[in-house]
Amino acid sequence: MTGRATFKLLALVPVLLGVSVITFSLMYMAPGNPADILMRAYEEAPAQESVQAFRSHFGLDDGPCTQYVKWLSRVLRGNLGVSFKTGESVQAKIIDRLPATLELAGGAFLFMVLVSISFGITGALCRGRLPDKGIHILTVLATSVPAFLLGLVLLYAFGVLLNVLPVTGRIGPGSFLLPVVTLGLAASCVYGRTLRAIIIDVIEQNYVKQAYAMGLSTRRIITGYIMKNAMLPLVTLYGMSMGHLLGGAVIVESIFSWPGVGKMALEAIMSRDYPVVLGYVLFMTVVFTMSSLAVDMAYRFLDPRVQEGIGYDPGGDGV
Amino acid sequence: MTTILEARSLSVHYQTPVGAVKALDHASFSLGEGEILGMVGHSGSGKTTAACVIGGFLEKNGRVENGEVLFRGENILFLPWRRRRRILGKGIFLIMQNSASALNPTRRVIAHVADACSSGEAIMGRKAVSKACALLERVGIGKDKQTLFPFQLSGGTKQRVLIAMALALRPAVLIADEPTAGLDAINQATVLDLFGTLKEESVASVILITHDLRVLTAIADRIAVMYRGALVETSNTADIISKPVHRHTQELVNAMKTIHGS
Amino acid sequence: MTCREQRFAAGYAIRPRLITLSILLCFLLCPFCASGGSTLTIGVGRDLYEGPESETYIHGSTNVWEALTILDGNLEPAGWLAESWRMQDGGRTWVFRLHRGVRFHNGSLLTAAHVVANMERRMKHRRFDPRGDLREVISVKAKGELNVVFRLKRPLPFFPALMAYYGSPIFHPGVFDAKGRITRPVGTGPFRLGKVKPGETIELFAFDGYRGKKPAFQRVMIRDIPDAQTRVFALIRGEIDAIIDVGGILPSQINELKAGRDIELKRAQLAMTHYLMMNCRRPPFDNVGARLWLAGRIDRKRLVDKLMEGTGIVAGEFYSPLARKWAPHDRALRSAPEAKKPAPLPKIPIVILLHSNFQQRLPYDLIAQVIAQTLREEGFEPRIEIKETGAFQEALKKGEFHLSIQPRNLLTGDPDFYYSSNISSSSFRNTGFTDPEADRLIDLARHETGQQKRRRIYDRLASIMAANMPMIPLYHEVALYAHRKDVEGLTMDAVFRPDLAAARPSGGSVR
Amino acid sequence: MFRRVLHSRLALAGIAIVALLVMLAAFAPVLAPHDPYGIDLDRRLEGPSPKYPLGTDALGRCLLSRLLYGARTTIGAAFAVFTAVLAMGVLIGIVSGLAGGITDAVIMRVVDVFLAFPSLILAVAVAGFIGPSLFGVLVGVASVWWAGYARFIRSAVLTARQKEYVEGARVAGTRGIRLVLRYIVPQVAAPIIVLAAMEMRWVLLATSSLSFLGLGVQPPMPEWGAMLSDARHYIFSSPRMMIASGASISLAVLGFNLLGEGLRDALQVKQARRR
């Protein structure tokens, strides 16, 4: 297990190095001069000497390669630089706002897991009957409505028309509900559908029939025999969904004024605050990569067949 | 001897893309209390279908065309699934064909038996586990193997796990579908021994399904011979071996004698 | 087999899952609890926190810091931290006398030395003086406890106006670090800074040692709600008590807010003017005739009436008429001569450049589309380009635009601010208009101390502007702000600084 | 194959919706009652009338005409991204699959790097840095999506290469482009088609999301995401604007959704793993 984890981690090194190169080169895709931006020449003109002072202050006079090497060596030492705009350290800024995003993504994840499992079980056990059809229709609709539209509609419906849930920010548990549903609904439905297919597959397995033959209770059969096997392929998908949730958070956070890293990143992109955007992209990619790795490990932990090195292919589950 | 299970004129058809296939054709048989009934026949003769119909696991494309199955005098064939399930386990326990896939691959051996122990009884948690532990020891699975996963066990051991489950459930009727298939001679002997034990302790009345007549000669009280979905002959074991009536039975007995030279 | 293994083996791990589920449900169903007490919550559309790398760390709208002077309703400098000031040496020396007994939030008394330290910070670290307010300053010295003496290279008759608000923010010098950054804004304003969550909230507490009237609200929360619609929803729901900022409420939202019965919608005329800048280096607007033609062709009244819902004043002059003293005698645009239509450029699109930061706050894209329509009708091929800060600045710098809509604040209330930062050919913001006479007059007026003479120079400049039309003033901003009816006294001044100290719960009592 | 597609009601509905939208987009100039750019400040925010079937927008333009022309932009952009992604993915996947060795290893590591990014985050960053424009959105979305395709097609090529008759053709001397076109492309076509239909909705969602965030088309060009973004300021006074643009996006996504699902079921192709 440990050996495998180490190997996987080592294999990530070149990938993350590549990620850093691409992230850094983003900066060169952009037109414009960051020096002018700091000056926030918004209503007033920056004096030329202020611009020069800024350029040397942030080391913008070096060539791209030198800048990259300098940047990378700083990043490796855990220093993502300082914001052009506010002068805060980027990692402090990210860590400051990360809890909000993780809360949102984590909440959406939990919502997704709970809803997709209940949808999956209901759909599979009531196959072809009303609840299954209802869930299917809901799935088709939910995956067709973009998150930004869903968010606006929920905001309007629950916040303004029904006046039951707060529309902004991160105050009190109630404010949590709408963003989480907005972020998690589509994924819940998709995974619910996937789970349904897997469960239907599993129910046909001999061991489930055998469990019924033993006269076990429905609950025991679902938890001990069906779900345990059906969840395995789903775990990989759940892990993958983290990327989707972190990306979707950008949109949801900007609609709900959720003070997380996504909103920060969007603002930083709009004001060309390179260190912040670079730091954000890099950080999120590492978070995503690590969560994928964690899921991979969890999978190995959950599935005894893989754990014991039987040569079982986790990808072969018809997902 | 009272009859605990009786099938009357049972007909089952499978819908297949090439038309309906008759799997059972007016088959009738009965199982007495404490008796071991052997069912024998070549592949496709309808043995497994019979087991599935009684156990309630008929394939989706199968349909009962005719007949009834009486369990303790009640026709269980057309009971709603919810009521049917109450009979499963403690009433009728079906050990599926192909023991390799009959155990949950992600569940430890002992958990299966513990589940069986707690099925329909008030034993829960640790009590069930310790009972399961004892039962597994009885079927010859030591503590070292009890926490393994099914795929780590040999076919014979898996079959023994299933028998341990039967011991735990103490069903009124045990139907074992090909319990000795794919086992080597030593394992076959052990498994059959365990079925003998079941009978001796009058744990259950057993229907033992196999294509191997020889397996039945040792432990079955009566033998039913199936041929193309019909029950062609039912008689005491000794009678079947010594004076088979139906042509197919004669073939089976002859084949057995030719191979094993008994 | 251990006990734990047994439990695991038997699969009884279902309990924790149920517990998690119920905790989650409790968490989600727990009713939303609003924070009560005497707190005023304000929604704004941008982050008022600007950080140590900025001139002031936090926006002046927070009422945390004060400056030497502040502009009054007529955009005239009035005393703030400075009680009075006088000019010496023909405008080359300015002496500001501070109020006695002004306290910083850390309790220490404001002295002239503190002010000197603040000025030296910005003179030494030029990036904290982005507009170059202190360019002409040779030295700043403290004279006694309360007098600050500025020595200038050349006379600046409007120096007190230059020092207004953002011209001289004063913090306790103990908070400056070696690089001139502010580590924590310890100012003298009626509110001191509490906890800042960048991009989320800024918490302010009433400062007990404030010299003036004590604020009625003990606590003010400023919440950053970038989406205009969400902001209005939050106000209607009462999650915030007020929206008060430029562009905080869009003209299109007037009707939505009128529907809210508990909400009072107010307007404030600002010292901000919105212009259609023209690139005077590129055809067709390098031609005076073309510029004059466009100025006559754009129906500004219609724009304001139709698109602004009356939240603007059609600009008849080049800078805010709030500066009464400087209102030109000759309203430039009324006397704009008729001009002939220029020939449409073959296949070359007319680029109308907009800044993406204003998208959410000002109706520029609507105006641009109307102007584009006008141009299209005349046979041009207009194209709108919305660019974010970097690309926007770059395009301006390289002159890759023909037209651009931009706001300008008359931050000092003095015409010089407008002319030297927009029209002077050495200005960073000059969009290609060069006129030696205008340059000469701007420089002359800048250092002319005689009020009457200055006045005459600016009148001459105004007529040069009218004849050359380097930019078209579209409208003067009338900002919308709103608060719930349980708050009163909340107002906003001409440079959109809300007076938080004057706000109080209605009925006079603290909630 | 096509009979099975036609038997699936879902796929049929999907095909119908997509075809309808494509037709509407194609014939927008004929169908649109007004000029989608024709501003009329005197008729701002009017409700539906015989002259303006869906009413007018904030600048007095015909909403229906803008929606019709918006279909061109929105669906056109999605198709453009898709074509680019497919071309890139197919090319790189086939090269990688056929070349093997170092080339393959290098290409696959690059693909790994691109797959390591959370997709929307990279798309937003790329589009944001290029600047708000249709081009930025196209590049942003395409830069994220190509990698998955390249990997998918590479594995399909590798599988196809294993087949005896391909091996036979190689032994017989068929090489390079001929081998690819004759023997490999026909084999990977079905999974690519299904993948295409399944992924179109993601592309559509991603492009309209970026537009909604203000990273997309420049006004006055009609585009559904941007139109929705503008319309939300009128949610109280003219909700129809939001409903119309929102419903259009949802309908388009729904169409591709159904089409993809139907095709997948009909062709029984495994869905590609994606985030």
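Chains here go by letter, A, B, C and D, matching the order in which they are written, and residues are numbered from 1 within each.
Everything below uses one rule, namely that a contact is a pair of C-beta atoms (placed from the backbone, for glycine too) under 8 Å apart; a residue touches a chain by one contact, two chains touch by 3 or more.
As the structure is a computational prediction, the values presented were derived from the model and not from experiment.
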Problem set entry | Greatest separation from chain B - chain, by CA centre | C
For this session: Using mean Cα positions, find the chain sitting nearest the overall protein centre.
Result: A
Exercise. What are the two chains with the top count of C-beta contact pairs?
Worked result: A-C
Exercise. For chain B and chain C, what's the span in angstrom between their mean Cα positions?
Worked result: 86
Exercise. Using CA atom averages as chain centres, what separation in Å is found between chain C and chain D?
Worked result: 41
Problem set entry | Intercentroid distance (Cα basis), chain C paired with chain A, Å | 36
Exercise. Centre to centre, by mean C-alpha position, how many angstrom separate chain A and chain D?
Worked result: 22
Problem set entry | Sequence positions of chain B contacting 2 or more other chains | 107, 111, 115
Problem set entry | chain A, residues touching no fewer than two other chains | 30-31, 152, 156, 220, 224, 228, 254, 269-270
For this session: Enumerate the residues of chain D that touch no fewer than two other chains.
Result: 128, 131, 214, 232, 235
Seminar exercise, completed: Listed in rising order, the residues of chain B that touch chain A in the complex are 55-57, 85-91, 93-96, 98, 101-107, 111, 115-116, 119-120, 149, 151-152, 162, 165, 169
Exercise. Across the complex, what residues on chain D touch chain C?
Worked result: 37-39, 41-42, 44, 58-59, 128, 131-133, 214, 218-220, 232-237
Exercise. What does chain C use to touch chain A in their complex?
Worked result: 11, 14, 21, 24, 27-28, 30-35, 43, 47, 49-54, 125-127, 129-132, 135, 181, 197-201, 223-227, 229-231, 233-234, 236-237, 239-240, 356-357, 388-395, 397, 407-409, 411, 421, 427-429
For this session: State the interface residues of chain D toward chain A in the complex, per the touch definition above.
Result: 109-110, 112-114, 116-126, 128-131, 201, 205, 208-209, 212-214, 225, 228, 232, 235, 242, 246, 249-251, 253-254, 257-258, 261, 270-271, 273-275
For this session: Can you check the complex and tell me which residues of chain A touch chain C?
Result: 30-34, 36-50, 53-54, 57, 82-88, 93, 96-97, 100, 110, 114, 152, 155-156, 159-160, 163, 165-177, 220, 223-224, 228, 254-257, 259, 263-264, 267, 269-272
